[in-house]
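Each chain carries a letter (A, B, C, D and E) given by its place in the written order, and its residues are counted from 1.
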Amino acid sequence: MTTIFGIPLQAFLGQLLIGLINGSFYALLSLGLAVIFGLLRVINFAHGAQYMLGAFVALLLLQYLGVNYWLALLIAPLVVGLFGALIERTMLSRLYDLDPLYGLLFTFGLALTIEGTFRYLYGAAGQPYSVPPSLAGGTNLGFMFLPNYRGWVVVVSLVACLGTWLLIEKTKLGSYLRAATENTVLVQAFGINVPLLLTLTYGLGAALAAFAGVLAAPIYQVSPLMGTNLIIVVFAVVVVGGMGSILGAIVTGYMLGIAEGLTKVFYPEASNIVIFVIMAIVLLLRPAGLFGKDA
Amino acid sequence: DASDGVVKIGILNDQSGVYANFGGKYSYEAAKMAVEDYGGKVLGASVEVITADHQNKPDIASNIARQWYDTEQVDAIMELTTSSVALAVQAISKEKKKIDIVTGAATTELTGAQCSPYGFHWAYDTYSLAVGTGGALVKEGGDTWFFLTADYAFGYSLEENTANFVKANGGTVSGAVRHPLATTDYSSFLLQAQSSGAKVIGLANAGLDTSNSIKQAAEFGIVAGGQRLAALLFTLAEVHGLGLEAAQGLTLTEGFYWNRTPEAAEFGKRFFDRTGAMPNMVHAGTYSAVLQYLKAIEKAGTDETEAVAKALHEMPVNDIFAENGKVGANGRMIHDMYLMEVKKPGESDVAWDYYKVLATIPGDEAFIDPAKSGCPLVSQ
Amino acid sequence: MADMAETTETGGRTEAHSAMASSIRLGFLLVGLAALAVAPAFLYPVFLMKLLCFALFACAFNLLIGYTGLLSFGHAAFFGGAAYFTAHAVKEWHWTPELGVLFGVFGAAVLGLVIGFFAIRRQGIYFAMITLALSQMFYFFCLQAEFTKGEDGIQGVPRGHLFGLVDLSVSTNMYYFTLAVFVIGLLIIWRFVNSPFGMILKSIRENEQRAVSLGYSVQYYKLGAFVMSAALAGLAGGVKALVFQFATLTDVTWQMSGEVILMTLLGGIGTLIGPVFGAGLVVTLQNYLATSDFPVTIVTGVVFMACVLLFRRGVVGEFYASRLGRRLGFEHRR
Amino acid sequence: MVLSARGLGMRFGDFNAVSNVDLDVHHARVHALIGPNGAGKTTVFNLLTKFLTPTSGTITLLGTDITGMAPDRVARMGLVRSFQISAVFPHLSVLDNVRVALQRPNGLATQFWRPLSALDRLNERADQLISAVGLSEARNVMAADLSYGRKRVLEIATTLALDPKVLLLDEPMAGMGGEDVAVVAGIIRNVARDRAVLMVEHNLKVVADICDHVTVLQRGEILAEGDYRTVSEDPRVRVAYMGTEEA
Amino acid sequence: MGALLQVGNLHAWYGESHVLHGVDMSVGEGEMITILGRNGVGKTTTLRTIMGIIRQRRGEIRFAGRDMLSVPLHRTAHAGIGFVPEERGIFASLTVEENLLLPPVVADGGMALDEIYELFPNLLERRTSPGTKLSGGEQQMLAMARILRTGVRLLILDEPTEGLAPVIVQRIGEVLRKLKARGMTILLVEQNFRFASKIADRFYLMDHGRMVADFPVSELPDRMTMLHKVLGV
């Protein structure tokens, strides 16, 4: 039997695939962070909370209104996006003139508040959300048993990432957004309603997080804490990718997912710090990150 | 008689953090039930229960404990979820000569090297869980094991204890994989466990980590494929959170199950009416601890610490939680533990009816012999 | 040129003013110290000691954010790390308390050097994220390392005899030891900030490129400030381990890093004593909420948001900026 | 000769911003670097001060090869620049701006144990510099509150505080009112008495008045060199840069 | 018909510092006006206040008869005013061409892209490179070019010749003249007196946040001594 580093090829392929699946979540989340950061210069600490909100909205929709997974996949990001837009409009937008650190601190507080509230209402233990019947079961790929739902996650996250990237890099709207990042006042003086743009952007970022949350709901326990630790890892992903580029966030997300997946096989104890270690190495060699534009 | 005309019990635990479902506010409720059931008075003094949320921070916990003892005339502190808190508060109680009864923490240190003449450990500990699941399950035929272990001291001690019992009972351990605390995705580890071919996959972790492992094991069809999952620290509250769909077939050990005896069921219903949830071993254990404490005061005829501690050490425990429980010289309350299997969705007819009792582990097997516990108070 | 004449005049006035201001400040300081000296008679000593430890921690943190503009999201590593080092040295190696604390400070400084080495490569938010990530690594280390005793923590740390003489297990002795450490820590910070070195730090915060072109090795200055801040945070953590007689994981979590930010923000970033007030408020709040029905995290979160939105300058900063504060001769720097 | 570059080249991607530039800067002379916009003047400055690393060529400062050195070291060796976009410490007073520049050369930069008043001994020198550029009345004003022109003047003062051997000035007169131009031109003339000055400037009158030597850059290459008269009569320079206008 | 832009008793503040102390000026349709003044007298501030970038303001600003004081910043351009800031404001994350195409067209009559490239061949050459990788002069051209597309009626320029080579300055002069010939109204702040004197129809002289003189180009020779004294030119 063929082996790679002492691991049977089959098992190796399986682990690679699993890494890719987890990378999907990293990619979606770091993409949302990159969008918000890129345009608002705000590190959205509440991103993990918004991810959690997405999952919870889907759960509550199911419990109280009987709304199924597919509809939830549309409604939950919309709800969370609107909520994000509201937060941006009423509060976050007052911080743009200040040091970007205040945005970080504000969203940190926001994250605590959201998570605290859900913990208060629903407790810290998770709640179950089932895989939609049409995606239940799995496929035997020969080298592993792949739950169908996980396959779906990879595909849909790729599509979402690509779509967002195209929106920002290739459309007129995207160029307004990028310009507004650099000099809000001037873009406004050109006749573009920047405050509205920024609100939409934050809404979009939050919606992306919520989308990832709904995707995650059938895999992980839906719990108020599900985003808390994830967000730190995603920060590291973002540092490795370099915040200059949206594409960087996506690619790095997938890559680190895979790196982490392989670590879980070869040296499982280190699998939660491997991303941080990679971050340290990247910082030494390329302080701006792998895809960062500013050197 | 009671020194100041009132007996005050403090329930100190996590009410907003990760362990809030484990004990939390409901433990406070259980304590109040115990007081009511006892009649609200002991030796003519009224009994009062107060509570605080230590937020999983030992420093906040010790601040509160000190203030309770020094300025609020609290006589005993109970529950104490999380071992760092329990150990810290037990040290303070020892210094202040006050009684503490731990029902929420798992570490055997409490009745081992760091034991206290006034400190008691109710409900469960890592050792008893390991004996229950490791020992009893092998006898049920689960003789090859693979461990999924949380990569920190708690996980190691669960794994080590369990593995010892597995081997002692003639089973073998085919491997283990260490996963970091608070991992979200277990599929890599589960695949490794799956390919090991072991009959039992032991989950030496806790809380959300265990829930997620179980849920993902269901997703990858591990139980359906014939392997058995054994959670080493998992309670009714968490089974409820996971749902029978994902949890079915899971094996675990608890010190209490509400539907095991009629008395327990009666208590469970009353508890349910007050909280909306059925009690787990932490809640029932807290009830038992409070009740036993009041009985001990009655017996000692005073609420003075030395006398009450002496009474607690001497009196048998008989209530809805324990039958013929006894307290060792190291403070460990020794009672029977139960190996449970989670029912399939179809098998459960009443709400919260989740367990089948597979085996009863007699107290003397379930807990460390006080003489071997390493507690300096016990003559070895 | 009329406006120029005016500015010179204001310049003159400022000097007279600042003389008065410094005497007023001195007055406030003495009153504050006196209050702390007699406080144990009125307040719970362990609570006070905890407050002093966190106050010093917040001040150390403020040294970085307030005076070099670097937001560290990983200061818990230094605070909690030092607590472990001190606890281990005192409990396992039987060192005297002052040596134990120094060991904690040293450990925190080394840790600061390592984390700082990576973090100062980037600025602003990146810096915050890198410190967060690296301190999270340290957290995992503490979780798994043998000597920290996992989630039990190092318990039952003896307070010992200071210099082999003063018995610190006597609460009052411990209190005055803590107070002394706190005052010394504050003095060090004050001197550090108002020194030639501090001036360079300030200029780096203002315009880093320009500082480079004036020949300053900006990285070394930042690292210097980072290590100093880490060491002082370690001082606070080491003493805390003695006060509570244990060292646990709580103090190395990233939530703790968030808390110290809250303390500093609430009190006033860039003010010398703001963090002291902030720490006081947060510690009191947590203690109070422990016995109330209010969930702590929600309250903390809301306070955080309110602070950022409504009074960014913090309690002390707002006071300085207020009419009364300015009349008394305080000025806010930022 | 204090600063010299040989075969200096800089590529950005596939764009040659600077190619094969030889430059010699001499003591006690004002050397002008002129050329159309985008010719690569600022880039040459960035290369010389090591804010950019050249893709080819070598740079020698006072006999030492500095091609691989870090910018702060180069600055400490005595090569100091000003920026095209004004660079001051906005929330420090004018005095403090100058004192910060004086701290390092006077060995007062790393003392974290000494009080701020230790810096008072720099005041005399700082005030000299401030008055030399005519900012005395604004001594205690925050730099942020100065107008654009005055910020530039302040920047020159801080640069002089380092007592550099070679002074690189990137468009020092840009955005300056007429009266300031004359003052600054005087200052530059003055400081060049005992150091080398290399400046980029579009104000040809200034170039004509104070520069001893002129290098004209076009598309990253040297187009012409010599004193102002020679250069300004070169027809290629007239087409590429000066247009029909008289200085 | 009144002036296209009418400013009356305009005050403006930066925080607590009062910078404009009652500016009065008017710009007629098709005029080219230059504001002169020493550094720091408030020229830039005047322009920014008219645009609505500085919101701490009081007084009167009318554009084509419409009160502009209550118009939000992002509607100013739609009213027909285009602005080229002193610091140019080129966007680093956009290519040259994206920069060019960024401001929305607010009215007919703007220049086509080809025309613009013809006017500024440098930009054509570097159309795909990032905006801020341009040299200072190229950036200035881009900043102007960008506005020409939009079809605004009034062009406000803050020191357009700063840092530009003499040939380019000449070219910009030509461009401005062409724009004027097309009927565009231009309001300009300029330190380069020689340049300004050649293209403006009328001058305002500013000091201490007020307009202290106002005269047409024909009076320039008579005013030279005064200007010399105030400006040092």
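Methods note: contacts are C-beta pairs under 8 Å (C-beta built on N, C-alpha and C of every residue); 3 or more make two chains touch, one makes a residue touch a chain.
Computed from a prediction, not measured in an experiment: that's the story for all the values here.
Peer 1: In contact with chain A and with chain B at once: which chains are those? Just list them.
Peer 2: C
Peer 1: Moving step by step between touching chains, how few steps can get you from chain C to chain E?
Peer 2: 2
Peer 1: Starting from the mean Cα coordinates of chain B and chain C, work out the distance between those two points in Å.
Peer 2: A distance of 39 Å separates the two centres.
Peer 1: So the centre of each chain is just the mean of its C-alpha atoms; given that, what is the distance between chain B and chain D in Å?
Peer 2: Those two chain centres are 74 Å apart.
Peer 1: If you average the CA atoms of chain A and of chain E, how far apart do the two points sit, in angstrom?
Peer 2: Chain centroid spacing, chain A to chain E, equals 44 Å.
Peer 1: Per the centroid of Cα atoms for each chain, what is the distance between chain A and chain D, given in Å?
Peer 2: Centre-to-centre distance between chain A and chain D: 47 Å.
Peer 1: Return the residues of chain A touching two or more other chains; collapse runs of consecutive numbers into ranges.
Peer 2: In chain A, 116, 119-120, 269, 272-273 touch at least two other chains.
Peer 1: Counting only residues that touch at least 2 other chains, which ones in chain B make the list?
Peer 2: 16, 151, 180-181
Peer 1: For this entry, which pairs of chains touch?
Peer 2: Applying the touch rule to all chain pairs gives A-B, A-C, A-E, B-C, C-D, D-E.
Peer 1: Can you list the chain E residues touching chain A in their complex?
Peer 2: 51-53, 73-78, 83, 85, 89, 91-94, 98-99, 101-104, 106, 150
Peer 1: Would you mind writing out the residues of chain E in touch with chain D in their complex?
Peer 2: 17, 38-40, 44, 86-87, 122, 129, 133-138, 140-141, 159, 162-170, 191, 193, 231-233
Peer 1: For the complex, give me every residue of chain B touching chain A.
Peer 2: So the residues of chain B in touch with chain A come to 16-21, 24, 151, 177-185, 187-189, 191-192, 195, 207-208, 211-212, 215-216, 219-221, 237-238, 241-243, 245-246.
Peer 1: List the residues on chain C that touch chain A in their complex, please.
Peer 2: 65, 69, 71, 118, 121-122, 124-126, 128-130, 132-134, 136-137, 140, 144, 254, 258, 261, 265, 295-305, 307-309, 312
Peer 1: State the interface residues of chain B toward chain C in the complex, per the touch definition above.
Peer 2: Where chain B meets chain C, its residues are 15-16, 50-60, 62-64, 66-67, 70-71, 82-84, 87-88, 91, 107, 109, 114, 151-154, 180-181.
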